[in-house]
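Following are the structures in question.
Two complexes come next, and they have one chain in common, subunit A, joined by subunit B in the first and subunit C in the second.
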Partner chain A sequence: MSGAASGRATGLMAWWEAIRRDRKATIGFVLLAGFVLLGLVGPWLVGDPDAMVGVPLQPPSWAHWLGTTGQGQDVLAQTVVGTRVSLLIGFGVGLAVVAIGSLLGVTAGYFGGRVDGVLSMLINVFLVLPGLPLAIVIAAYLPAGPLTVAFVLVITGWAWNARVLRSQTLMLRQRDFIAASVVSGESHLRIITREMLPNMTSLLLAQVIGGTIYAIGAQVGLEFLGLGDVSAVTWGTNLYWATNDSALLTGAWWTFVPTGLCVALVGFGLVMLNSGFDEVTNPRLQQERAWRAFLLGAGVPVSRSTPVAIAHE
Partner chain B sequence: MRYLLRRLGFYLIAAWVALTINFFLPRLMPGDPATALFARFKGRLSPEALQALREAFGLTDAPLWKQYFTYLAHVLQGDFGTSVTYFPSSVGSVILTGLIWTLFLAGTAVILSFAIGTLIGIAVAWWRGGWADTILPAFFAFLGAFPYFWLAMLALYVLGFDWGLFPLGHAYSDDLTPAFTAEFIVDVLRHAALPIATVVIATLGGWVLGMRNAMISVLGSDYVALARAKGLPPGRVVLRYAARNALLPSVTAFGMALGFALGGSLLTEIVFSYPGQGYLLVQAVRNQDYPLMQGIFLVFTLAVLGANFLVDVVYFWLDPRTREVSS
Partner chain C sequence: MSDPASDHEPVLSVRGLCVDYVTGTGPVRAVDHVSFDLARGEVLGIAGESGSGKSTVAQAILRILPPPAVITGGQALLEGEDLFRMSEAELRAVRWRRLAMVFQSAMDALNPVLTIREQIEDTLEAHRPAGTPRNPGRAAELLALVGIAADRLDSYPHQLSGGMRQRVGIAIALALEPAVVVLDEPTTALDVIVEGEILQKILELRRRFGFSVVFITHDLTRMMQICDRVAIFYSGRMVEIAPAAELRAHPRHPYTQGLLRAFPSVHGPEGELASIPGAPPSLKSPPPGCRFHPRCDQVIDRCRTEEPALVQLGARRAAACHLVTAAAAAVSASATPATADV
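Moving on to the complex of A and B:
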C-alpha cells in the first residue's frame, strides 16, 4: 500500500487518487457528477418544463416517463430543469455559510477577549432564534426568487458553522506552532490564513458539504411553503405545486416522489464524497489505514482501539 | 443561581434581537407596507383598517427612535397589532387559536422522540456491536437524507390515502365540536398520530446516536467499572450509574431540539393541514398579513427561548457542577 506516500502529494491528482481509492467516495462522486451534468445539460434535453404536454395527473407511461402534473406538465422535464437552480443554491449557500462562519468563528476564537465576547453572543443568539420562522419572515418582505431564498438561508444558517470553527480555533490557538508564529512576529492575518486555516481543511470541507446538504433541504422546504418564486421551476416549487394541485388527495404519487428521491440522492452522494475527502486531508486516517493493512497482512485481528501513533515505527 | 441569571440575561438579549429584527424589517423594505397592503386589498379594506395597519407597523411621522420605543411598549403589553386577513381581530387572539395545537403537536413529538431515542441509545450502547448497533445508525442516516416533510407526505400518501388508516388532515373531524368527551379526545389523537409519528421518526436518530456515544464513554469510566465489580445488578448500573450522567449532553440538546421542532412544525402542519401556528404563518405570508406574520414569529421565538430557559433550569438541577460558586 502506498497510502502514506501518496498522502504527501497535493493538488488535484491527490484528490482524484483519494476519490478513486475509496469506494464510498467513488459512489458519491459518480452520483454528484451525474446530477451536476444533469443540471448543466439536462434543460436542453427535455424541452420546456412549463408546457402543457398531456392530460393532467397521468401516471408514468412511455410518453411521459414520470407522468404529468396537475397542470399537464411533464414531471420528468420539471425534475430535470429544477436540478440546476436547486444545486446552484445548494452549493452557493454551502460555501457562503462556511465563509461567514469561518470569518466570524475564527476571528472570535483567535482574538479572544472582548471580540470573542461580542461575536459569541451574536453566534449564540442566531443559534437560539428559530431558523425556519425567521427565514420565512425575512423572505416575505423580499421579492420572491432564488436569490431571496439563498439570502435567508445564509442568514439563518451561518451560526452553527461559526460555533464549530470558533471552538476549533480555540483549540489550535493553544498549539506550540501558533505560539511560535506569534513570537516570531508574523502578522495576525498571515497566522490565520497560513497556519490555522490549512489545519482546518478537513473540517472546512466537511462543513461546506454539510452546509450544502442543509441548504438543499431548507431551500426545498421554503419553496414547498410557497416562499420561492412559484413560477420558477425548482425542486421545491415542484413540491409546492404537487400539494397545491392536491397530489396526495388524488393519489398522484409520481408528482412528489421523484423530487424527494433526487434530494436524498444528492445528499447521500455528498456524504459519501466527504469520507473520501477525509482520507486526503486527515493524515491520521491515512496512518490508520496503513497500520490496519499491516496488521491484517500479519494476520493480527484489528480492534477499534488499535493505537494509530505507532504506525510509523 | 448566578448561572441561571446569566442564562436569563442571554435569553432577554436574544428576545430583544428578535424584537429589533421585527421592528426594522418592514422599514428596510422599499415602500410602505401599509400602503402596499391597502392597494392590494383595494375596496375591501376600510380607511380605518389602513390607519390601524399604520399603527400596527408604528409607521407614524414620529422619529425612528420614538417609533421603536412605542413598538417595544406595545409588544410588552401583549399588543401585537391587528390582523389584516382576520380584520378586525387582534393578532394576539388569532395566534391563540393556533398556539395550543402547535404546542400539543411539537411538544408531544419532541418529548416522545427524546424518551424513545434515549432509551434506544442506552440499549444500543449496552449491547454494543449487536445487530441494532449495526443497523440503526445506517437506517437513520438513510432517513436523514430525505427532506422531513417529504417523508411526511409519503407517509400520508401510503398510510392515509392508500391504506386509509389515518385521516388526511385537520386536527379533528368536521362533524365533531370541541368538547371534553372521550369521543373527541380519541378523534384528536387519531388525527395527531401520523403528524407526531413522522416527526418522531425523523428526529429519533439524533437522540439515539447522541445517547449511544455519551453512554459508551461513560460506560468506560472507573466508577461504572467499580459499580460492576461490586456486583450490582446490570439494570441498576446502566440506568442509575451510567445513563444518568450520559443524559446531560442530551438535556442540553433538548432545548435546541424544541426550537427546531417548533420551527419544523410549520412543515408538518402544512403537509397535514393541521390548524396550528405554522399553518397560520404560511397563510399570513400568502395573504401578506405582515402584522400576523410578525406576531407569530415573536411567539415562536418567545416559546423557544422559554423552553430553553426551562431546560437550563432542569440542567441546573441535574448537574451539581453548575451550582458550585465559581470565582
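Moving on to the complex of A and C:
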C-alpha cells in the first residue's frame, strides 16, 4: 500500500475511504465507534453500577431506563460500565493472539527445518488441547479477575492463528518475489516484515477481528460460568448475576437482554467492518467494485462469462 | 502456403467489437470497433505490440475476459450465431465443442495430480452427448495427433517436457474437433525449435481437419510463415489486414511498414533495421485523429484531426490510413491495383 498509485488515497485516508464507500463497513464502523466511545466516556455518564439504587428486579421505567437487577442495581449503569473491560479484553486478546500467532507461525514457516519442527510441535500441542475446558480449568486455579481471563484466552487461542500463518508463509516462501529479495541480499527481518507480512494484511486483519469476536464471546462465557471476578462489572458478570438472581425464572428479561444485545452488536459490527478492510488490502476487489457499478448502470447482470453491455450507438 | 479460403460464408465473423476495461475513473476502451472475417480453414494471424488489444479480442470472442472487462459493442458470429447474445448455458455448449483455445500457458493449465489420460478424458466426458458410448481409444488418438506416444498417457504433467505439455494442451483443444481454434501466443514460453515443431503440427492438423485458426503473437516473422492472412493491431484498433504474402511485400499502413522494417528477414536481402520511434499511446487518453500519427513518419494534417476509417482494398485486404484512402481513390479511376508503396 505504500506504492502510492496516482490519484489514489494512501495510508489512513485509504482506509477511511474504503470504509466510507462500503455500506457494510460503514455500519460496522459506526457501531464499533459507538461502543468504543461508550467504553471511554460511559462510566462518567452513568452512576455507580454497584450502588443499590432501587427496589430489586424492577422493569424499565423513567427512573431506571433498563430496570434494576436482583440486587437493586441500575442495569443501564452496569451495562455501560461493563463495556470498557469487555472491549479492552476483547481487542487486547484479539491483537495478542495474532501477534503471538504471527511471530511463531511466520518464524516456523520462514526458517523451516528444525525451527519449524520445534515450533510446529508446540503449535500442535496447543491445538489439540481442548480450548474452553482448558480455559475453565486454568481460570479456576488462577486468581479471578479480567486479566486472568485475558491470559487464559490468549494461551488457548493463539495456536490457530499460528497454524494458518505458518502455511501462508510456506506458500509465500515459494514465490519468485521472495526468491528475488533473498538474491538481492535483504535481511531475514526485512523479508518477513516488508515482503511477507504486507501480503498477509487481509488475513492478519481478519484474524484480529475473528480473535476479538472469539475473545469477547469466550470471556463472557467464562465469567457467566463464574470463573471471572464476580465483583467486577463486565458483560460476563452481568449475565452471571442475572442467572444467579433467577432472571429467567422470574421473567426479568431486562437484566440480561441489554448485555446480550451489546455482545451481539459488537460482534456484528466487527464482521461488517471486515468486509471493508478486505477491499483496502485487496486492490483487485476495488476494481471489481467499479466493474459491478458499471454493469448495474448499464442494466446488465453480473455474469461469469464476460458480460455484454451494448449501448445503442 | 496454400490458400484454403473459399468463397463460403465465414466461419467466424467479428463485427464492430468494442471492449472496455472499467476502472475507478471510468471505462477505458481497450478494443475499438474491430471487424474481421475468418474463412473456413483459414489461419488468421493477429499481431501487435503489448497492450494493442490482440489477446483481448481473442478472449472477448470466447467471453472469457475476467473482470473488469465488459464487451460494449459489436457482434461475434460463429457460423451465424452471435456469441454475444448467448446465455451461460449456450456458451458452455459452444466453448470447446466449436470454439477452442490454446493459452500461452497451456502447459500450466494441466492439473499436476491427474494423469494426461484423465485430463483428456475429462474434457471428452464433459462434452459427450447423452446416450453416446465412451470411446476409450480417443485419448491415445489425440496424443498421436500431436506426436506424443501413447505410452505417455499415464504420465503426470511434471514427467513431460514443456513442449510436450503444450502439445497436450493443443490435443485437448482439438479433442472435440472445433470449427475454430484460437491460439493465444501458444509457443511464447518455448524455444524456437519446439515452437517450429508445434506450429508445423498445427498447420498439418488444420489441413487434416479443416478447422480455422486465429493465431495471436508478437513474432511477426513466425506469423508471416504460417498465416494465410495477418491483421495488424495498434492501440486497440485494427490498422491493416491483408494476405500474409501481400502484407510482407507491400505493407500499406505506415505502422505495418515500420513493424516490418524492425524485423530482420531470414530469406530476403539484408536491409537496414529501423525501430519505430516513441511508444504506444495511453488508452486512457488516446491522441485525436489517427492514433498512430504522433509516431508516423508520413503524417499529414488530416491525420491529426480525423480518424481514418478501415478502407477495403480488394476482397481480402483493408487498411485504416488517410494516405491509403487517398491513394485508393486516385487509382480506382484507372482500376489498376495499387502496388507502389504510398
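In the analysis below, the second predicted complex is superposed on the first by the 287 of 313 C-alpha atoms of A that agree within 3 Å, B and C clash if a C-alpha of one lies under 4 Å from a C-alpha of the other, contacts with A are read in each partner's own complex, and residues count from 1 in each chain.
Everything below uses one rule, namely that a contact is a pair of C-beta atoms (placed from the backbone, for glycine too) under 8 Å apart; a residue touches a chain by one contact, two chains touch by 3 or more.
Source: prediction; values computed, not measured.
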Subunit B versus subunit C as contact partner of A:V118, first or second or both or neither: neither
Which of subunit B and subunit C A:M171 touches, first, second, both or neither: neither
Touching partner for A:L147 - first (subunit B), second (subunit C), both, neither: neither
Which of subunit B and subunit C A:V271 touches, first, second, both or neither: first
First, second, both or neither for A:L129, with subunit B first and subunit C second: first
Partner chain in contact with A:V137 - subunit B first, subunit C second, else both or neither: first
Partner chain in contact with A:Q287 - subunit B first, subunit C second, else both or neither: second
Contacts of A:L295 with subunit B and subunit C, given as first, second, both or neither: second
Which superposed partner A:A180 touches (first subunit B, second subunit C, both, neither): neither
Subunit A: partner with more touched residues, subunit B or subunit C: B
Residues of subunit B defined as touching subunit A within the complex: 10-11, 13-14, 17-18, 21-22, 25-26, 28-29, 33, 141, 145-151, 153-154, 156-157, 160-162, 168, 256, 259-260, 262-264, 266-267, 270-271, 281-282, 285-286, 288, 290, 293-294, 296-297, 300-301, 304-305, 308
Subunit C residues touching subunit A - in the complex, by the definition given at the top: 22-25, 27, 59-60, 63-74, 84-85, 88, 91
Touching residues on subunit A, where the partner in the complex is subunit B: 121, 124-125, 127-134, 136-142, 217, 220-221, 224-227, 239, 243, 248-249, 251, 253, 256-257, 259-260, 263-265, 267-268, 271
Subunit A to subunit C touching residues, read off their complex: 7-8, 286-288, 290-291, 293-295, 298, 300, 303-311, 313
